[in-house]
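Below, chain A partners chain B and then partners chain C, in two separate complexes.
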Partner chain A sequence: MTRDEIFAKVVEIVKPFVKSEDALAAVNDETNILEDLKVNSARLVDIILNFEDEFDIEVEDEDADAVNTVGDAVALIEEKLS
Partner chain B sequence: MSDREARENAGRVVVTGLGVVSPNGCGLETYAEALQGGVSGIRHFPLLEELKFGCTVGGIPEGVDEISEAYFPPDELLAMNSSHRFGCIAAVDAWTDAGLERPDRADDHVYWEAGAIIGTGIGGLDTAGEKLVPFVDAGRTRRLGSTMVEQVMGSGVSARVAGLFSLGNQVTANSSACSTGTEAIIEGFQRIRAGLAERMLCGGTEGSSHYNWAGFDAMRVLCRAHNDEPEKASRPMSASAGGFVPGSGAAVLHIESLESAQGRGARIYAEILGGAINCGGHRGGGSMTAPNPEGVQQCIRTAVAAAAIDPEEIDAISGHLTATGADPKEMASWAKGLDRSPETFPVITSTKSMIGHALGAAGALESVACMLMLRDRVVHPSINCEDVHPEIESYSDSIPHAVREMPELNTMIKAGFGFGDVNACVIFRRWAD
Partner chain C sequence: MTRLPFRTRAAHTFQREVGRLAAAFWVIPIAFILRVLMGYRIKDVAQVRARYRALLKESDHPLLICPNHLTMMDSAVVAWALGGSWWYLFHYSRMPWNLPEYNNYSSQLPTRLGAWLIKCIPVIRGGRREDVSRVIKRVQHLLSRGETALIFPEAGRSRSGRVEADAVAHAVGRILTSVPGCQPLCVYLRGDRQQTWSTVPARGDSFYIDFEVGELHSDHSGMRRSRDFSRQIVDRLVGMEEEYFAGR
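Let's turn to the complex of A and B:
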């Protein structure tokens, strides 16, 4: 899977939780999931579970805690898949 | 307004918005039409048969997912089980029916003067049965995600409603079994009357889950005799009544101080004249599952006294009337509580004859039915009791089998009784401009 494909899937997974459509339209690696996309912090748990299902990986709590931006998520998934 | 008028209007509470999600129709006008036309919302569910329930019919609102998707964003829907969807749709409809705009999520204004009391009898057992228990038992607690607590906590629906409308006053959920919905309205009424809130969203919601219904089926209090003709299964006041039909749904009433309603030029359905809530103490024939008739009668009398009216002013009764052996006893309690004989007895109807018994939502669904009856000056039929129960045959003239026009219909009394020997009774008067 290419990095671009992973990025697209991450955005798709985050999308239902996003409360700022403007930030989503301009989404890039630096976009902060909580601050820019205004995702409710409690829902990060669900986003991580959806990453696990979509990419067939396991994400430890410490790894999950380190995900702040869309780029962080893509990097984490790339690492798990490699 | 003169000072005298202002004083007289202080403490008066009116109903200005209605929302309803019922097995025989979602939305006010659909519900009104179904009720007046005697349309049953009771259907047969193959799942109940597969699971060997004695009663395989029930009431589940239709088309709810489509409405939910139109009303709520995807992230909220992920955390909304059936009880949440029903309750929140009813709340949105009540709010907009009251002429209010849904606030923007980005707007930080909080309505400190507005709150919610939206109760439930049982709550999110569908979530518990389908996800919580199987996941936890399989050692997959981590996989529950973040939305479990809010879907199984008793106050989940009122909490979500607070977020929908930026409510800043009391936001809570009452729970008193089958009197929950009626009790919520009385609690909200008392809060506004006491000057503690200006507006309250009040009502009840009950999810559609076979897990909610299983315990009642095991108690053998559900109807088993009409599985092949669902629309005939709910038979309050009938000689052939054989237990209640389980239902689900929600209704919410937007109630507010008369001052607030008039100040913003709101359309008023009715005034809440008074109400009473009590418990029979599980004595005098009362128990966990049966009412103490003295408690019921006292609740009715106290409501009448609180409304400061003569019992003779009551034109129609919306009974609790579930289609169990308790119906004739309820009838006797109405007669005693209102000091009426069979000859002078008011018209009495059971909304449950068409929608089944929606437990914690029942009192709210039936109160919305009262609002529509008062508005349209008709009493909706109580279906499936052409064979009136022999013990109440002398009251036959008071039972409408078809919609009954009542051009002078002004005052209705509504009661709900629940497991735990609890009672709630409220009196509504049509608003005359």
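Let's turn to the complex of A and C:
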């Protein structure tokens, strides 16, 4: 799976939890999931569990601590898939 | 479980010991404020405290107190209801550590110092995951050292006035899965006059309190296991609330 494909899937998974549609329209690697997309912090766990299902990976709490931006999420998934 | 840096561990020891030395000057006054100035009463208080002490005698597992959340004084009322005041002077490790929202009390130095003294660890809810993670690791460390902590398994004070099963704080499950033997104490607290959420309970209110050790299970690992545990605690609080309203 290419990085662009992972990025597209990540955005698709995050989309239902986003409260800032404007930020979503301009989403890139640097977009902060909590601050820019206004995702509720409690929902970030659901998002990461959706990553697990979609990409068939297992994410530990400590791994998830590093996920602040969309780029962080993509990097984590790439690492788990490699 | 990650080991905390020496500096952080030393800071906790210092905070705990200063609080312990000064305990008579804050534990008793807080109980006085709750009991006399606010006029609060705990229903069947002698029975509640006897049950709590019996529970502690039966098990020396680390205890994470998980109450429902309706007011900003819940943690103080729960601690007072379970342990009283004098008892904590001689069982200081049982005075729970709390995780108040930093922005609620950070504007003035005296409140910051006061919170530090009374075993508070500041947390910024919805903050960066690394920062929240650091706080969780501090709580894990304290529990593993035989201290007691209190954390609300709902993500905030319930706006509906009922336990909100959808508002689950992941941190509770994460702590429980990472501290060997740690047990959750599900606590349901409610003042008779508490209709919905508020800053403080009504003056002169009488509180019903019930508690039980939660029995958790999950077939999963990792974050899914933590989430299962958090949900099961909130589900149990929902059940305890139903029992409360059924018994009125």
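Basically, the second predicted complex is superposed on the first by the 82 of 82 C-alpha atoms of A that agree within 3 Å, B and C clash if a C-alpha of one lies under 4 Å from a C-alpha of the other, contacts with A are read in each partner's own complex, and residues count from 1 in each chain.
Note that in this section contacts are C-beta pairs under 8 Å (C-beta built on N, C-alpha and C of every residue); 3 or more make two chains touch, one makes a residue touch a chain.
Computed from a predicted structure; not experimentally measured.
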| item | value |
| --- | --- |
| Which superposed partner A:16 touches (first chain B, second chain C, both, neither) | first |
| First, second, both or neither for A:45, with chain B first and chain C second | both |
| Dominant contact partner of chain A by residue count, chain C or chain B | C |
| Contacts of A:68 with chain B and chain C, given as first, second, both or neither | second |
| Chain B versus chain C as contact partner of A:34, first or second or both or neither | second |
| Chain B versus chain C as contact partner of A:58, first or second or both or neither | second |
| Chain B/chain C common contact set on chain A | 40, 42, 44-45, 49 |
| Chain B residues touching chain A - in the complex, by the definition given at the top | 73-75, 78, 105, 143, 145-147 |
| Parts of chain A lying in touch with chain B, wherever the complex brings them together | 15-19, 39-40, 42-46, 49 |
| In the complex with chain A, residue positions of chain C that touch it | 2, 125-130, 132-133, 155, 167-170, 174, 178, 221-224, 226-227 |
| Touch list for chain A against partner chain C, complex | 34, 40-42, 44-45, 48-49, 52, 58-62, 64-68 |
